[in-house]
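There are structures below to look over.
Look at the two complexes coming up: chain A is in both, with chain B in one and chain C in the other.
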Partner chain A sequence: MKALYPDIIVIVGIIALILIELVLPSFDLIGFLGFLISLVSGFLAIKYSLEGYTFSKWLLDISAFSLLLKGIIYILSAFVIFTSVSFFKSKKTFLENVYTFLLIALGLSIMISSKNLVVILSGLELASISMYIAVGMLKDDYVSKEASFKYLVLGSMATAFFGLGSAFYIGATSHLDIISVSVNHNTAFALASLFLFVAFALKVSAAPFHFWTPDAYEGAPTSTTAFISTVPKIGFYAVIFLLASYVFPIINNFSYIVGIVGVLSMFWGNLVAYAQNSAKRMLAYSSIGHAGYFLIGFSKYNVLSVSSTMFYVIVYAFATAGAFLVLSILEKNENWTHDMNNYKALYKKNPFLATALGLFLFALIGIPPFATFVGKLGIFLGLVNSNAWFFAILFIIGSIIAAGYYLKLIVYMFFKEPVTEEDQSLPLSLFDTIGVSVFLISVFFFGVFPNVLFDIILKDMFHG
Partner chain B sequence: MIEGLVAKFLVQNVEQYFVLAFILLGIGLFGMMVRKNLITILMSLELALNSVNIAFVGIDKMNSLIDGQIFALFTIALAAAEAAVGLGIIISLFRLRKAENVNEIIDLKG
Partner chain C sequence: MASLLNIAIFLPLVGAFVVSLFRNEWLTKVVSIVLSGVVFVISLILLFNFDPNAHQFLYRTTVPWISSLGINYDVGLDGLGVSLFTLTALIFFTVFIWAIKVKEKPNLFYALFLILETTCLGTFSALDLFLFYLFWEGMLVPMYFIIGFWGHDRKVYAANKFFIYTFFGSLFLLLGLATMIVYGYFISGHISFEYDFHKHIAYPLWLQIILFVLFGIGFAVKVPMWPVHTWLPDAHVEAPTAGSVVLAGVLLKMGTFGFVRYSLPLFPQASKIFIPVMFLLSVIAIIYAAMMAISQTNIKKLIAYSSISHMGMVTLGTFALSISALNGASYMMIAHGLSSAALFYAAGFIYDRFHSYEMSDLGGIAKYLPNFAILFMISGLASIGLPGFSGFVSEFLILLGTFKYFPIWAIVAGVGMVLGAAYFLYMYKNVMLESASLPESKIQKLQHTMDLEIHHIIPFVLILFGAFIMGIMPYNFVNIISQTSKIIMGSF
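For the complex of A and B:
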């Protein structure tokens, strides 16, 4: 029963926030309470995960691994909320932003706490519908609404595909749980796994289904982009891991479909990112490229590659959230567009933000002291172990291509002369400094001591 | 006599349910691609989502289960929620720019 406490705290907290907002509509109060609720339930979930609590009754099946992921989702949400309150105050947005974030986190948490397709769909849609709303939250901003509509139309198609996939899954196996089944060359089962894979490939923005990603990420308020590009990924990849362990291996050569979608999205994302003039869109394409890496990691069911992909997803979430939050802090200044020219000589204007963004970008390249390097190395070694040399070599080539556009932004920030001569230093508030530092420290920490997280993942991931 | 007619026109093969579901899904996808009006796009989306329910009914008839019908209830509720959010976004788009066609909302270039 204790395994349910983190979610119950968040549910009660969201209702309390809605009621408090009626009486005291203050951004600071609601933001602080949201941060507190999310942080407390996050730490509680990780504590229970380490103590080995589980819960499997009714339709729920909460293992120690899903408690760990819940903890990371809630802690990440807490710090994104913490850093984004001042951004939302400076823009014309709605107060509801804070608990929309909490609703997304709650939906993901419900999604990963069951193996039943109905519960997965409910959690997925709670998260997705809240995400469509969160993207359109900028008041009187046309681009935000347009992004929201495009995201809604394509995201709902994923729901339709998920439904069809579940229909064929029930048809082939006569039950709703994703557990190990034995079906031999069953067409309905093959269609089921194809549709379920397409639904989640659309949600994680892999290449042939990625068209909503740059628009939604650019149109959304930048803090919301920091949230929707990172936290949902952890939940979605947890479900893809579930599919990769029970559904995909049954069909011959399905790993090639997953791997080819991965390769396609890696090259598409990383090559088109070079053509972007806006840093925000460039990071959106970078997230398409990363979806490629993760799908390649899940293409072969191998203990090393699968566990290091999960590790990579978590540390990637910290690095990308940090990078987008630095962009959101910069956007608080007047007349700041995310055009590359605005980033010229950022180091002279604000050394802390420029250094932080530079370090996050180095982390996304996968330079050794950062945690992402461990993930990349693990995926490569796992692919080599399972003799998937083709995907292993393409993975390395894709990663090398990706380095260029991150370095372009770093060169703009540190080595270019500013456009205008007038010296304009950008201000930085204390809360922003603390928030960005938390993300920076965690990316460093998991890179220097990867075993802290990696051992827990290895211990819990394959028992549940 | 009426019972005879009903029995004659009732679906005999389970495959026919899937054929109908796929045809509806295809019409929905096609409508989303070719239609210009925003509300029509939302309607096509609903058609695609509701095709899932027919597939569930077919599956239940084939396996004599009720799980699929329960799933279909969830899908109906979620489709309604999505339609509500979609209409809200269309209204706010219209308030900001009087846009009601897809070729008017092209500020973001895919």
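For the complex of A and C:
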């Protein structure tokens, strides 16, 4: 029963926040409470995960691993909320932003609490609908609304695919649960796997299902982008892991479909990123490219491959969230449009933010000692373990291509001369500094001591 | 002793934290010079206490780090390691003295060099593959910023090119590491990144060939071997003096060190198979780079190409697979580290005084700056292998060892080395002599140019003294280096 506490705290917290908002509509208060609720339930989830609590009654099946992921989702949400409150205040968005984030996290948490398709769908929809809303939160901003609508339309397609996949799945197996089933050469089952995979490929923005991503990420308020580009990924990849454990292996060569989608989105994301003039949009393409890396990692099912891909997803979430948050802090300045030219000589204007963003970008390139490097090494180990040399070489080429556009932004920030000579140092509040530092330290810490996270993943992932 | 090694590796990193915390220019310089001096003293202690008859790594520290992946913090030195360690410490010590007058962002400059020193020292002493890769790749970011911030006109292009090339090589190296570890896992049932563990695995030939290629690409980019050398001339020309010195003196050695430490002992059969390929690439590098050097008008580019040529000699000696050639190759890493550092200091000095690397802008310097002329000449002679300097010993050993089994290759390489004398003397003539044809304005400028200052003389003297000692007392140093060569050749 204790395994349910974190989610219960969040549910109660959200209702409390809605009520408090009626009485005291203050961003600081709501933001702080949201941060606290999320942080407490996050730590609680991790604590219970380490103590080995599980819960499998009714339709739920909460393992130590899903508790761990819940913990990471909530903690990550907490710090994104922490750093974005001042951004929302400056942009005068709706106050609901804070608990929309919590609702997304709650939806994801429910989604990974079960192996039952119906529960997964309800969690997925709670998260998705909240995400459509979160993207459109900018008042009087046409782009934001358009992004939200586009996301809604394409997101609904994912839901449709999921529903169709579930229907075929039930038809083929007469099960509602994703567990080991034995079916032989069943077309309905093959279609089920394909549709379920497509649904999640769309959600994690893998090419060719990525078309919503650049617009949604660019149109959303920047700290919302920081949230929706990272936290949901952890949940979605957890479901993809579930599918990769039970569903994909049953169909011959299905791993190639996953791998090819991975390779496609790696090259598409990384190459198109070069053409971007907006740093925000570039990072959106970077996340398409990363979706490719992760799908390549999940295409081969072995202990090393899936566990290190999961590790990679988590540390990538920290690095990307950090990068987008730096962008959101910069956006608080007037006339900041995320055009590359805005970033010229950022190092002179604000050394801390430039250095932080630079380090996040180096982390995304995969330079040690940042944690993403361990993820890359892990994927290599996994691919070699399955003799997937071809994918390994493609992965190298993709990573090298990616290095170029991250360096482009770094060059703008550090080596270009400013457009205007006047001294325009950018302000930085204490809260922003703390928020960004938390992400920076986590990315660094998990790189030097990956075992802290990796051991738990390795231990929990395959038991339960 | 083991703790001294750990202190030496991480002292510069601590220094970098101190420097970036206090951001006081004066304190920064004192801290950097003192700490790197301490590291240099420690490295000398380690060098002089080194037992050439040891059969394993000395000064070893092993601490479990990431036990679920079989990763340890594991450092230690062998003969080659301790020599390169000392070279690194010396070069960085001189760099900090040389750069004392740097004006632009001095704190950041020193902090980046301190981080770089830790990564370089770590690369030469890491005995765990994960740790090795961490240090190997960790050097990329500081060097990128050193070129990008303090470089010359095309610095951004050069920095990016350097980064992408090196990253390209490193990823292949990473894939190679992963392959090796997975194979170790298949046959032993547990994951281990230990160097010793992998040294005792007999890899099947097909795997050795794959691994040799994957590791080889990583190392070859760093050396750099022809045809992946094109980043080097750009990086050298655009980098600030201190950056070029570290690049030529230390970073290039990482590649050849990698071949000696990893490729030869771990994949002996594949190394034998690849001898013709490596020889061909080395000889092309020696001749082609020397020809390119002769045709340069930019002195820094000329020295950069001479580095490629010399490193070709190192790879040739490495793959001749005889003890004396390997001794020579290892000796040449040190010798070239010293002489190229001195030459880049000379080029940097010229740029400081005359703001140009182009031969057409220079000339007749010797008459007005006699001290510099002498030290530049000595550096050049050390580089082209004049007897009495370390370069000569190394070339002699390499040719001796190679000639025994591969006489044709040795002769071709020997001819290539003669070109070295040609391009250096040609450069010296154009830059330092020819005072007769100088226009009046230039002579006036030269008369008002200051000769070497004390912060220039100390680095020159330290480095040339090193080259000189290694040239006249080769036995002691060869003895230390051949500890590694004997162990490695024992596996063939």
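Couple of notes before you dig in:
Operating definition for what follows: the second predicted complex is superposed on the first by the 464 of 464 C-alpha atoms of A that agree within 3 Å, B and C clash if a C-alpha of one lies under 4 Å from a C-alpha of the other, contacts with A are read in each partner's own complex, and residues count from 1 in each chain.
Operating definition for what follows: a residue touches a chain if its C-beta (ideal position, glycine included) is under 8 Å from a C-beta of that chain, and two chains touch if they have at least 3 such contacts.
Note that this is a predicted model, so its numbers are computed, not measured.
Within the superposed three-chain model, A:F101 lies out of touch with both chain B and chain C [touch as defined at top]. Of the two partners chain B and chain C, more chain A residues are in touch with B. Contacts of A:Y293 after superposition on the shared chain: neither chain B nor chain C is touched. Within the superposed three-chain model, A:F324 lies out of touch with both chain B and chain C [touch as defined at top]. Within the superposed three-chain model, A:F79 lies out of touch with both chain B and chain C [touch as defined at top].
Of the residues of chain A, not a single one touches chain B in one of the two structures and chain C in the other.
Residues 117-118, 121-122, 125, 129, 132-133, 136, 140, 142-143, 145-150, 152-153, 156-157, 159-160, 163-164, 166-168, 170-171, 174-176, 211, 214-215, 218-219 of chain A are the ones that touch chain B when the two sit in their complex.
Residues 21, 25, 28-29, 32, 38, 41-42, 45, 48-49, 51-52, 55-56, 58-59, 62-63, 65, 67-68, 70-71, 74-75, 78, 81-82, 85-86, 89-90, 92-93, 96-97, 105, 107-110 of chain B are the ones that touch chain A when the two sit in their complex.
Interface residues of chain C facing chain A in the complex, by the touch rule stated above, are 65-69, 130, 133-134, 137-138, 140-141, 145, 148-149, 155-156, 159-160, 163-164, 167-168, 171-172, 174-175, 177-179, 181-182, 185.
Residues 304, 362, 365, 367-369, 373, 376-377, 380-381, 383-385, 392-393, 396, 399-400, 403-404, 407, 411, 414-415, 449-451, 454-455, 458 of chain A touch chain C in their complex.
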